[in-house]
Amino acid sequence: MRTATPTHDRYARGRDKLAQVDGSAGEAVVDSLGDLGRHIVEYAFGDVYARPGLSLRNRELAAVAMLAAKGGCEPQLDVHLHAARNVGLTVEELREVLIQVAPYAGFPAAINAMRRLQALEAEEAAL
Amino acid sequence: MRTATPTHDRYARGRDKLAQVDGSAGEAVVDSLGDLGRHIVEYAFGDVYARPGLSLRNRELAAVAMLAAKGGCEPQLDVHLHAARNVGLTVEELREVLIQVAPYAGFPAAINAMRRLQALEAEEAAL
Amino acid sequence: MRTATPTHDRYARGRDKLAQVDGSAGEAVVDSLGDLGRHIVEYAFGDVYARPGLSLRNRELAAVAMLAAKGGCEPQLDVHLHAARNVGLTVEELREVLIQVAPYAGFPAAINAMRRLQALEAEEAAL
Amino acid sequence: MRTATPTHDRYARGRDKLAQVDGSAGEAVVDSLGDLGRHIVEYAFGDVYARPGLSLRNRELAAVAMLAAKGGCEPQLDVHLHAARNVGLTVEELREVLIQVAPYAGFPAAINAMRRLQALEAEEAAL
Amino acid sequence: MRTATPTHDRYARGRDKLAQVDGSAGEAVVDSLGDLGRHIVEYAFGDVYARPGLSLRNRELAAVAMLAAKGGCEPQLDVHLHAARNVGLTVEELREVLIQVAPYAGFPAAINAMRRLQALEAEEAAL
Amino acid sequence: MRTATPTHDRYARGRDKLAQVDGSAGEAVVDSLGDLGRHIVEYAFGDVYARPGLSLRNRELAAVAMLAAKGGCEPQLDVHLHAARNVGLTVEELREVLIQVAPYAGFPAAINAMRRLQALEAEEAAL
C-alpha cells in the first residue's frame, strides 16, 4: 500500500541538503527564484538528494556528467562543479568525467564543460 | 520569510490532480514506477499542476508543445494528448499546436508528434 | 483534392501578424536576417501564426514553453516573452508556464528561462 | 527594398522538388500529414530546397548529418538516406558522414543512424 | 612537450576494456559497425575507458546518467545498464541514478530510462 | 579479419589535418584542452577527418550543419565556419546550409547560427 510521504519537514530537509552540497552559491540561486526555487529545495534536494541509496559524491558525479552532456547549462554546471568539489570529488576526477562526455555527447559538449572546469581551477588557484 | 509548504496531503492532492488530468492511463504509469512515480504524483501533480495560476487546459497545451519539441518522448506524448482531450482541448487545437512545433523545433519533431495525434484520432473514431 | 495555397499576399500577411505579435523587436530580428528572415515572415507568421484555429495567446504560451524546454534559445525567448505580454499573457501566467517546464525538461532549462522572465520584469518595472 | 516572393506556384514547385529528392516515399509522408504536409511541400521544398545556391547532393548530405546528430528522427532519417541516394550520394559517402557524426554528437547518435544506413543497404541488396 | 601516444596496441587495449565493461553484448555491437565500431574500441575504450583516473564503476554511473538524460539512446542504455551491473553497480544504485535524472532532465527522460532498468531487472529475475 | 590500425603517427597525422582544416584557431583550442585536446587531434582529426572517403569541403559542410542544428555550440560553430571557408566553402554556400537548418531544427537554431556567420562576414570585411 502506498501512503503519503511524511513531508512536513521537507523544506527544512532540502535546505540542509542544499547547504551541504552546493553551499552558499546554491542557496543564492534558489533564493532568487521564488516558487521555482522552493521546488528545487523541496523536491530536488528534500526528496531526491536526501535519499540514502547513493552517496553525494556519486550524485554530483552524475549531475556534472548530465549537465555537460545536455549542453546549454553553463550556470548550473558552475554550481555543480563547485558542489562536486564540496562533496569530495577532485579536479582530476572531474576532468576524467568531462573527458568521458565526448564519446557519449560529442566534443562540443565536452569542450564547453571543460572550459567551466578550467574556470573553477583558476578560481581555486587564486585563493 | 520563507516557510515550509504544508504538504502532509501532498500525495493525496497530487493523486486527485493526476486522476483529473490524465485519468487511468496516468495512474497506471505512476503506479508502475515506484518512488519515481511517487515523485511525479507529489511534485509534478501535487506541487505544480495543483497551482491555481494557470488552467489545466493551458497546462496541457504547454505540456504537449514541450514534449513534441523535445522529441523522443512518444510514450509521454500519448499520455498528455489524452490528458489534453480530458481537460477540454479539441483535436483541431492540438493539431494547431503541433503545426506550430515545426517553426520552433523543425519538421521531424512536428511529424513524429502528429503521428501520435493521428493515432489518438483513430482510437477515438473506433470508440 | 489538394490545391496550392493562394499566397500572393503571404509576405504582407506574415508581416502584419509579426507586427501584431512581436512588435518592433521581432521586426528588427527578421529584417537583419536576409532570406532566413523572409522565411520567418512568410512561413512562421504568414502560414502558421495567421491560422485561425488557435488564439495568439495560446500560440505564445506554446512558443514560450517550447523555447524554454529546448534550451539554448535565450534570444528567441526574450522576443517571445515580450510577444506573450503583447498578446495578453500576464507575468504571473508566464511564471506558471516556466515553473511547469521543470517537470518536463528539468530545472536547468526552467531556471535559465526564469532568468529571462526576471529580466523582462525588471525592464517593465523601469518603464 | 524587400518585396513579397512571387509564390502562386509555390506548392507546385515544392511538389516537383519533393518528387525529385525524396521520390514516392516523401510524397506518401506529406500526403498523410494534412496542412503540416502542405507546409513541408511549400516551405521546406518550395522555398528552401528549390533555392539555387547549394546542390541537392549537398543539401541531402547536410540533412542526413543533422538528422543523425539530433537523434530521435529515425523515420525522417530513413526518408533522407533514400533521398541522398536518389541525388547521387554513395553508400560509402553516407557511411563517412555518419562516422563523422560521432565526434560532434557522440557514438549513440552515430550508431543509431548507422543502423538505418545498414537497413538501407540490406534493402538495396535485396532488390 | 606533447608527444604522440604510443598506440600500436590501442585496438587490443580497447578490446580488453570493452570485454571487461560491456561483455559480449558490447562486442556484438562494435563488431557489427565496421570502422565506426573500430573507433568505439580504439577511442572510447582504448583511449578513454582505459584511463586510470576514474573507476569503471564511476565511468558507468556517468554513462548511464548521460544516456538517460539525453534521451533517444535506448539501445545504448541497455548495453550500459548491463555494463554497470558488470562493474559492480547494484540495481538499487542504478534506480537512484535514474530517479536523479528527473530534476536535471525532466520526468520523460527518467521514465523512459527506468523502463529499461525494469527490463533488465525482469531479465535478471528470469535467469 | 580486423587488425589494429597502424597508429604510431596518429597524433602527427591529426595535427596536420587540424592545421589544414581549422588553422591556428583550431590549434589554439586543442592546445588549451590537455588530454581532451589530444583526443580531438588523434581521434577526430587523425582517425576521422583523415579518412579518404569524403572531401574536407563536405566534412565541414556536415560539421557546420550539425553544430547549428544541435544549438549551444557557438564557440565550435565559430571555429568550423572559419574551417569551412579554409577548405573552400563560400559565404553564400554556408548561408544556404544555415537556411536549411530551419526546416530540420527550427528557426531558433538557424537564427543563432546565422548570427555567427554574420560575425564571420563582418570579420572578413574588416580585413
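A, B, C, D, E and F are the chain letters, set down in written order, and residue numbers restart from 1 in every chain.
Methods note: contacts are C-beta pairs under 8 Å (C-beta built on N, C-alpha and C of every residue); 3 or more make two chains touch, one makes a residue touch a chain.
Everything quoted here is computed from the prediction, not taken from an experiment.
Under the touch definition stated at the top, chain C and chain E share these contacting partners: A, B, D, F.
Interface comparison, B-D against A-E: more C-beta pairs in contact at A-E. Farthest chain from chain C, judged by C-alpha centroids: E. Taking shared numbers over all numbers used, the chain C to chain D interface scores over half, which places it in the same class.
Interface repeat of B-C: among A-E, C-E or A-D, the matching pair is A-E, sharing over half of the residue-numbered contact pairs. With centres defined as mean CA coordinates, chain E is found 31 Å away from chain D.
Work out the mean CA point of chain D and of chain F, and you get 22 Å between them. Of all residues in chain B, those touching 2 or more other chains are 35, 39-40, 43-44, 48, 51, 67, 70-72, 95, 99, 102-109, listed in ascending order. Contact topology of the protein chains: fully connected, every pair of chains touching.
Within the complex formed with chain C, the chain A residues making contact are 29, 32-36, 39-40, 44, 67, 70-73, 75-76. Contact residues of chain F toward chain D in the complex are 40, 43-44, 48-49, 51, 53-54, 58-59, 61-63, 65-70, 92-93, 95-97, 99-105. Every residue of chain F that touches chain C in the complex is listed here, in rising order: 71-72, 95, 98-99, 102, 106-112, 114, 118. Across the complex, chain A is touched by residues 69, 102-109 of chain D. Touching chain F in their complex are the following residues of chain E: 2-12, 31, 35, 38-39, 42-43, 47-48, 51.
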